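In what comes next, chain A is part of two complexes: it sits with chain B in the first one and with chain C in the second one.
Moving on to the complex of A and B:
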């Protein structure tokens, strides 16, 4: 029986690679948007504008205080009530962007705050513009603090893409879920799904560990 | 938009939400305690010099950390019955959360132990303390203070992760929102209420974590 199911699983293996490709697509697009959004928000969060800081603070608290699956339900079910119709795929990307940027924002803000104040003052007195201050002085120094947790956050974001399966996006977890209905071998199906996730996440975890060790030596 | 937000419906469904909240408390509380025990065992195995303990622990921790929790939940939910183990959804969910958080807690404790200076350990060896005595009198008192804030952080993550159990139809807080949505089709009322309750738990735990960050570290480690 087991081997019968195994051969059926082998028959439908392209299905899993379609799912893997979808997961990679969602992960890649959201890592990209989250990083850009997260850096912009993080720079403002570490900045001087009190009102902006406060608004970003509320945004971050809401995102960090609620489960990702609830955020997905809010986006997928409630936006249509407000007249914004989104398909599952763009809704998933939007949810990922909102969630990921809030977490990356905190990492970036922490990194920028870790740069000593004297560096800002030196940059200002060298006559650099604000963008130059950030680009040439502050961000390069804060990257040492930002990079290891950022890569760690990337791993979490890639794993969180599994949650968008709840609104029917055909990514890896959803493929497993659809398959297990036809081939009732849960251990086998989800081991395969797990191995595929492992092959993406584990290299990144190793990279994160490596960066942590490297950046710690000063 | 929010002008027609219907509070009456929320009040009507309040018992359902409170029941869900209670279940979320119960699931998270039981899971964090079991995960703490799992984490301590896994960490002891991970740092031991016996290879038969060390490598299985590494495999456990790395496999859990590199796969999504949802896949782990489905693995147990669909996988255990094929092994002939039919356990209810609630227990399956608690088992998944425990195994998941246990791996992260093992790493948190290990980081705490690694944060203790090697000189302290050497001083313990030089004073003629046994391994257990070194752990009990030197390493753990210093390591535990450092681990409290990240452990509370893990508790926050665990409470949020317990929302995923709604997908295997465990009757917790998020499930209450789903039930209300399917019965009345009022998703904003349902999910904003759910989000509100999660935010309350988050703020309490966050305040505790910030407080312990300020206080415990300095008392225990310095």
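Moving on to the complex of A and C:
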């Protein structure tokens, strides 16, 4: 029986690759937007403007304090009631961007706060503009602190893309769901799903470990 | 060249600068001393607007510093600042530290900036360290690089905030030597320091502060040998016996 299902699974393997491709697409696009958004938010969160700091603080607290599934439901099912109708794919990307940027914001703010105040003062005194201070002096130094947890966060975000299956995006986890209906061999199907996730995450886990060791040396 | 007019500053309730009036002429070397918390560091940090003031006016070359329209980039290019803790950029080599502002603020081409940087390294007596990172240098060497970094912008004024206080005693001399050389080149300097030897040797004027006020000013001779106020006399006896 098992081998019968296995051969059927082999028959439909391209289906899994379309799922994997969708997962990669969501992961790649959202990691990109999360990183940019997270850095911008993190820079202001670590900055001097108290109002901005406070607003970003609320945003981060709210996003970190609610389950990701709930956030997706709000975006996909509640926003339409206010006239904002999104398809599943853009809704998934938006949800990922909001959730990921909040976590990355905290990592970036922590890294920037770890740079001694004197570095800002030296950069200010030499006449560098605010953007130059960040780009040339502060961010390069804070990367040592930011990079290891950032890559770790990437792994979490990639795995969190599985949650967007709840709104019908045909990514890897959804493919597993759909397949298991036709091939009732759950362990086999979801092992395959798991292995495919692992094949994306594991290199990043290794990278994170490597960075952690390298950055810790100095 | 630098003028303070009725400058006042508060940190909350603490009155850190209390009615400061002061004029510093071109080429003058001013040494500022006083007990800790007297406002002397704050005073010079206001000149390049590392600190804000709440009342009064500071001008550098007749240009007001603390207005909304102040061109801070231009101001800070004219004023070099040397910190107690050096604050070199740890992720850059000595040469990169010195070249950063000329290249990015003055938009100098890299070759020209490097030429100037090497020149300044010779001036502070460490041309062989251009490729080193700050962590590989002693405190005295780091502070000399910090001075070179300030000089690379060809400032008209150099501000020194306790430049030798974080150094081991045997390294103080090499930093002071560089500063003395700078004086002989006619640089306008404001130096917060307790180095009496330096003050006696090169200062045109010594300014004594306490509790945010200028208590006394005079030539080094007058100030150290014949202080006019009890507080200054008390302070001098303390740093002499220390």
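Here is the rule we go by: the second predicted complex is superposed on the first by the 218 of 218 C-alpha atoms of A that agree within 3 Å, B and C clash if a C-alpha of one lies under 4 Å from a C-alpha of the other, contacts with A are read in each partner's own complex, and residues count from 1 in each chain.
Heads up, the rule we're going with is that a residue touches a chain if its C-beta (ideal position, glycine included) is under 8 Å from a C-beta of that chain, and two chains touch if they have at least 3 such contacts.
Because the structure is a prediction, the values reported are computed rather than measured.
> Looking only at contacts as defined up top, I'd like to know whether chain B or chain C touches more of chain A.
Larger number of chain A residues touched: B.
> By the touch definition at the top of the document, which applies to A:128: first (chain B), second (chain C), both, or neither?
Second partner only, chain C.
> Which partner does A:48 reach: the first (chain B), the second (chain C), both, or neither?
Once the two structures are laid over each other on A, A:48 reaches no partner at all.
> Applying the touch criterion given at the start, work out whether A:118 contacts chain B, chain C, both or neither, answering first, second, both or neither.
In the superposition, A:118 touches chain C alone.
> Looking at A:73, would you say it contacts chain B, chain C, both, or neither? Reply first, second, both or neither.
Touch status of A:73: first partner only.
> Once chain A of both complexes is superposed, is A:176 in touch with chain B (first), chain C (second), both, or neither?
In the superposition, A:176 contacts chain B only.
> Which of the two partners, first being chain B and second being chain C, lies in contact with A:193: first, second, both, or neither?
In the superposition, A:193 contacts chain B only.
> Looking at A:141, would you say it contacts chain B, chain C, both, or neither? Reply first, second, both or neither.
The second partner, chain C, only.
> Based on the A-chain superposition described above, do chain B and chain C contact any of the same residues on chain A, and if so which?
Touching chain B in the first complex and chain C in the second, no residue of chain A appears in both lists.
> Which residues, counting only chain B, touch chain A once they are in their complex?
Residues 1, 62-63, 65-72, 74-75, 77-83, 156, 160-164, 166-167, 174, 177-178, 181, 187-188, 191-192, 194-195, 198-199, 202-203, 206.
> Where on chain C is chain A touching in the complex?
Within the complex, chain C contacts chain A at residues 48, 50, 72-77, 79-81, 83, 85, 87-91, 100-101, 104-105, 135, 149-150, 153.
> Taking the touch rule as given, give the residues of chain A at its contact with chain B in the complex, in rising order.
Touching chain B from chain A are residues 61-62, 64-71, 73-74, 77-78, 81-82, 155, 159-163, 165-166, 173, 176-177, 180, 184-187, 189-191, 193-194, 197-198, 201-202, 205.
> Residues of chain A touching chain C in their complex?
Those in contact with chain C are residues 116, 118-119, 121-129, 132, 136-137, 140-141, 218.
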